[in-house]
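Next come two complexes, and both contain chain A; in the first it sits with chain B, in the second with chain C.
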Partner chain A sequence: MAVEMLSYIDRQSPIHRLTGVTKLICFLIWSSIAMLTYDTRILVFLFLFSICVFIVSKVKLKEVAFVLLFILLFLMINNLAIYVFSPQEGVKIYGTSHVLFEISERYTITLEQLFYQLNVTLKYFTVIPAAILFIVTTNPSEFAASLNRIGISYRISYSVALALRYIPDIQRDFRNISMSQQARGIDMSRKEKLPKRIKNAASIIVPLILSSLDKIEVISNAMELRGFGKNKKRTWYRARPFQKIDVLTLILFAFILLVSLYVTFVDGNRFYNPFL
Partner chain B sequence: MKKPVIQFQNYSFQYRSQAKPTLHDINLTLYEGEKVLIVGPSGSGKSTLGHCINGLVPFSYKGEVSGSLKIMGEDVRELDIFSLSKKVGTVLQDPDGQFIGLTVAEDIAFALENDCIPQTQMFAKVAEVSKMVEMEHYLDSSLHHLSGGQKQRVSLAGVMVDEVEILLFDEPLANLDPATGKYAIELIDRIQQDTNKTVVIIEHRLEDVLHCPVDRIIVVDNGRIVSDLTPDELLASPVLEECSIREPLYVKAAKYAGCEITAEMQPTHIDSFQVDGCKDQLIDWFEKVDPPLPKVKTESVLELKEITFGYTPKQQTIHGVSFSIEKGEMVSIVGKNGAGKSTLSKLICGFEKPSSGRIYYRGKDISEDTIKERASRIGMVMQNPNQMISKQMIYDEVALGLVIRGVPEAEIKERVWQTLKICGLYPFRNWPISALSFGQKKRVTIASILVLEPEVIILDEPTAGQDFRHYSEIMEFLVELNRQGVTIIMITHDMHLMLEYTPRALVIAGGAKIADDTAVNVLADSKLIIEANLKETSLFELATRVGISEPKEFVNRFIAYDREVRQKWQ
Partner chain C sequence: MKRNQLSIKTIVAIGIGSAVFVILGRFASIPTGVPNTNFDTSYGFLALMAVVFGPIAGGLIGLIGHALKDAIFYGTPWWSWVVVSGFVGFLIGLVAKKINIESGIFNIKKIILFNVIQIVAQAIGWFLIAPSLDVLIYAEPANKVYLQGIVAGGLNMVTVAVLGTLLLAIYAKSRSQSGSLIKED
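On to the complex of A and B.
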């Protein structure tokens, strides 16, 4: 079929070889750091590091390009919004004001503001590739097995895996439905006014939900007929034991976490201030 | 004495949501190692009967049970769905929907995982079972990349790992192309012979299942068992006709010719069928029946010129396909699963853009037109009605396209009612769609396209999942539309449908057009049949065996005659 966004991409790479648990923990560590810190040095380091990981994973940029662009669009909107609503946030944070040029008093562009927004952007850039990588390099079934291993009930683990597995299916359905509805004259393009477009979207969402509900009925019957939910435990065909590479990765990430926490909070401030 | 494995005694069942019982007073015993076919029209209760055997009734679908059902000597009421699943393995109708794992091996192992079998034993068992269904080389393939027949073999393997005693197949032929369906029936037969399991097949395509021998056929209608006979006895009886289940075509032809079919003639399979006694009658009949009228040529309404397309730039799905459809034609597009038939219809409707080639409508190039612009001329009805329905009420659903186009309300009402009348849905116009059967929903979707008055309608598997009566109804309805001037293109797996209703067939294989001929000629070409995964019709063989010199003409006349007979049903 055509492009399938955000589904598992099977490759041979060290990243793919890591167990799902390792990847999940690393991803959680990664995002906590990125959320906590505004320290530019750490963010730059994480960003460069994530690019390296991306290259190692052998996932091609164009395979995730669409999602990436989509998020970048939001990032841009976010940046604009920050500027519109809080144009002097940077000045407040860094305590100095290096004026570049003036538009109006409120919207004076300062170096501090630019620097602050650069940091916000960097935060996005560190988390997004990691999140995408996590999704596309983790085999859903293996991920479920991993979740189960770290103590989450297998029913929940399996639902997560199923959800991941159905992403491409639902995308395919969505495309088919949207086309057949467009053929009936429902215009989703920019030619239509926004309120009408939202109303029109309902005519795609409803069949999508209905056909998904059908699917859920079939799959839950199929699962029950094959004994899912019978025992308290289950084994996993795809389960993989922890290997040296997993342990090493976890240690490395724990180390990165500690270092970044130290660097971030050593001077009692989450921000790295180059203006002092 | 044979050991009974399934015993229904005065068994009745009523779904909680329904006013009347679906099954009445069922008394039925199936024995170990038997191969039994359950047939019946849609809504007859045959699927419910299957659900009772595998435990979905009453454990998943709740309702009122009376009487008793014993599986392997144990009362179902004292079991649960899990212990039942160790005895009865079910292969569901839609192989896509029932896959749980991502790869072949995982899916086969699913039941083992739930039984907490250690990983190493799982590997061994999966390897063993996959060999049995000839899928051992695909263990790591993604399920999405398999063909329809392969998918079905995987789901069969998935239930066989459990060492079940009873194998239950719910409409195994529904989504398969003819040749794959034939293979599936052979595979079921082989596995049954190798393992001596009890096999229950629920299916309404009788002739296709009878390709391999079955011990008994149970006919279900209106929630009751109407007959329980051997295939030979059943075909000699009038039961099938009464329940409007399609008889094998060679039997039907002999009946039309006025022959009396008896069990001694062994009508179960065309090869065993003793036709000597009714040779003369068949030849007589052939000479008496009028040949169908040839169609007059009209102008071209839709033309494809050298269409090439690929979902990715490197992989071409469609290779230089050209054809022209004339106004008022009824054409079928056939070919194996994944040959590119659906892609072709998407290209015609503008859902996808060809990488090269042009599409003409009445001689005008429409290659650059948008989906919406094309939609007023070419309507597309998708296979799954749930993918099209977006309103709760039938009237609103059918009116949707007109409302959006800003048609005045009075006119909408008139056109919608008119369309509903044509589609036989007028009495239901104020019903919620959720109360309709699958076949009725299908008609709603056809109505919602028809109301826009397109000149060409493309239907993807218009009769999938329909029993013979509904099949005839839908098809006669389409013929009627066709008579009113609508050009109809159908994408189908159903050889009967192609033969009966579409004088012309386009055969697609591997993304290229390999034939464009009359349906009868296509099915008379054995090379083409193999290449496109089609299936020959038993009528040819009957004609040859009787000694009719023009078997194609025999097929033509049979079809014309048969349709006339069936039109009287309505």
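On to the complex of A and C.
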């Protein structure tokens, strides 16, 4: 069960050199823009921009290909589902109907629908490179420090740090338990029927949860002994001071945010309509 | 330590809980066929943690766990559903005091209370909030996202009803009941 997951990739690049706080704020700005706008021009610009940043970061496509493939598959299914459930959504949004060709009355293919689905796909394409980059270029410990820096209480930031620290451990526990249960003849794979499969899943989940509850006990005792949470503030080993490049990046992103919001909402509608 | 701050145990529970949520959500969920919806065992676990550690822990485990799971396995968090996971965990956690699982008693009355609250919480979350946010943020067709919400929500209700209740019963059994010690003569 060697399932790959995204994790920090240590490398020397301008993106890696940015502090975690800068990257976190930029990522939040980026996803807010992508969530708010449906303006094709903005989306295309953001997409191209994030490709450039990706190249600068020196992260190889090969290293994140598994996740990209998965997302492409998901997007394809999602697009199909949108078409099946609402083949005239685009017509509804853009208010015109340019018929390309007819399959049946309901499933007539229109230019508007294709354009709408292109926009849906673009919306994902703008966020995905940014999100992946944020994950692979930010050191997990620095990430927790950054959360604290942008105003989240250090207790909650520390929980996030704990979660990131223990995901690999719990994954290993899960694998061990699942292997030993399989050795006893309990099958969780596709070959088993659904109700049986769920019952078998429980026989892995219960030991995993009980051992995790024990872990909580042990870790909280250790933290208690070290006096965690005694003071109002805490310092972070991984926190780094701002450099000039951080300030410049933040200004650039704030600028992009303002421009995108202006372009998107200046005509009172978040869709860009080329059909008018 | 002041009362309104999170206790160390809650902080650790949030951290480890989120990690377990991530792993269960990724490895112990069984796809249903409708895109983006799974028979997701992690919600049974979320319900357990919410009842044991309270609403704040429940809400944050849902929020952090779901966001991390989406981020490290699927590349990007799907915010509208992440928010709902947090909401469901928080709402189920509200009955933590009433159920008082540490007492070691988990009788029929408490089972019914737990299941009523989980069904109400998930109905609001998956049938209403998640699809509405999808329409608002991603402008996806309403009938598609509401169907996704109903399938996912329904499955999650069943998961929590079966697995959540089972886990709570097991957890309650592992607590020592008050008055369980008998003085020997």
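Going forward, the second predicted complex is superposed on the first by the 266 of 276 C-alpha atoms of A that agree within 3 Å, B and C clash if a C-alpha of one lies under 4 Å from a C-alpha of the other, contacts with A are read in each partner's own complex, and residues count from 1 in each chain.
Heads up, the rule we're going with is that a residue touches a chain if its C-beta (ideal position, glycine included) is under 8 Å from a C-beta of that chain, and two chains touch if they have at least 3 such contacts.
Predicted model only: the values in this text are computed from it and were never measured.
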| item | value |
| --- | --- |
| First, second, both or neither for A:Phe228, with chain B first and chain C second | both |
| Chain C versus chain B, contacts on chain A by residue | C |
| First, second, both or neither for A:Val247, with chain B first and chain C second | neither |
| Partner chain in contact with A:Gln182 - chain B first, chain C second, else both or neither | first |
| Touching partner for A:Ile219 - first (chain B), second (chain C), both, neither | both |
| First, second, both or neither for A:Ala202, with chain B first and chain C second | both |
| Partner chain in contact with A:Ile152 - chain B first, chain C second, else both or neither | neither |
| Contact residues common to both interfaces of chain A (with chain B and with chain C) | 1, 162, 165, 202, 204, 206, 210, 215, 219-220, 223-224, 228-230 |
| Chain A to chain C touching residues, read off their complex | 1, 3, 5-7, 31, 35, 38, 64, 67-68, 70-71, 74, 77-78, 81-82, 84-86, 89, 93, 120, 123-124, 127-128, 131-132, 135, 153, 155-156, 158-167, 169-171, 174, 178, 188, 194, 197-198, 201-202, 204-206, 208-210, 212-213, 215-216, 219-220, 223-224, 228-230, 271 |
| Complex contacts: residues of chain B adjacent to chain A | 54-56, 59-60, 81-82, 85-86, 90, 92, 94, 97-103, 105-106, 109-119, 122-123, 126, 142, 144, 158-159, 162, 311-312, 346, 349, 351, 371-372, 374-376, 379-380, 382, 384, 386-391, 400-401, 404-405, 448-449, 452 |
| Footprint of chain B on chain A - complex, ascending | 1-2, 8, 10, 139-141, 162, 165, 168, 173, 176-177, 179-187, 200, 202-204, 206-207, 210-211, 214-215, 218-231, 233-239 |
| Touch list for chain C against partner chain A, complex | 1, 5-6, 8-9, 11-20, 22-24, 26-28, 30, 34-36, 39, 41, 44-45, 48, 60, 64-65, 68, 71-77, 79, 137-144, 147, 162-163, 166-167, 170-171, 174 |
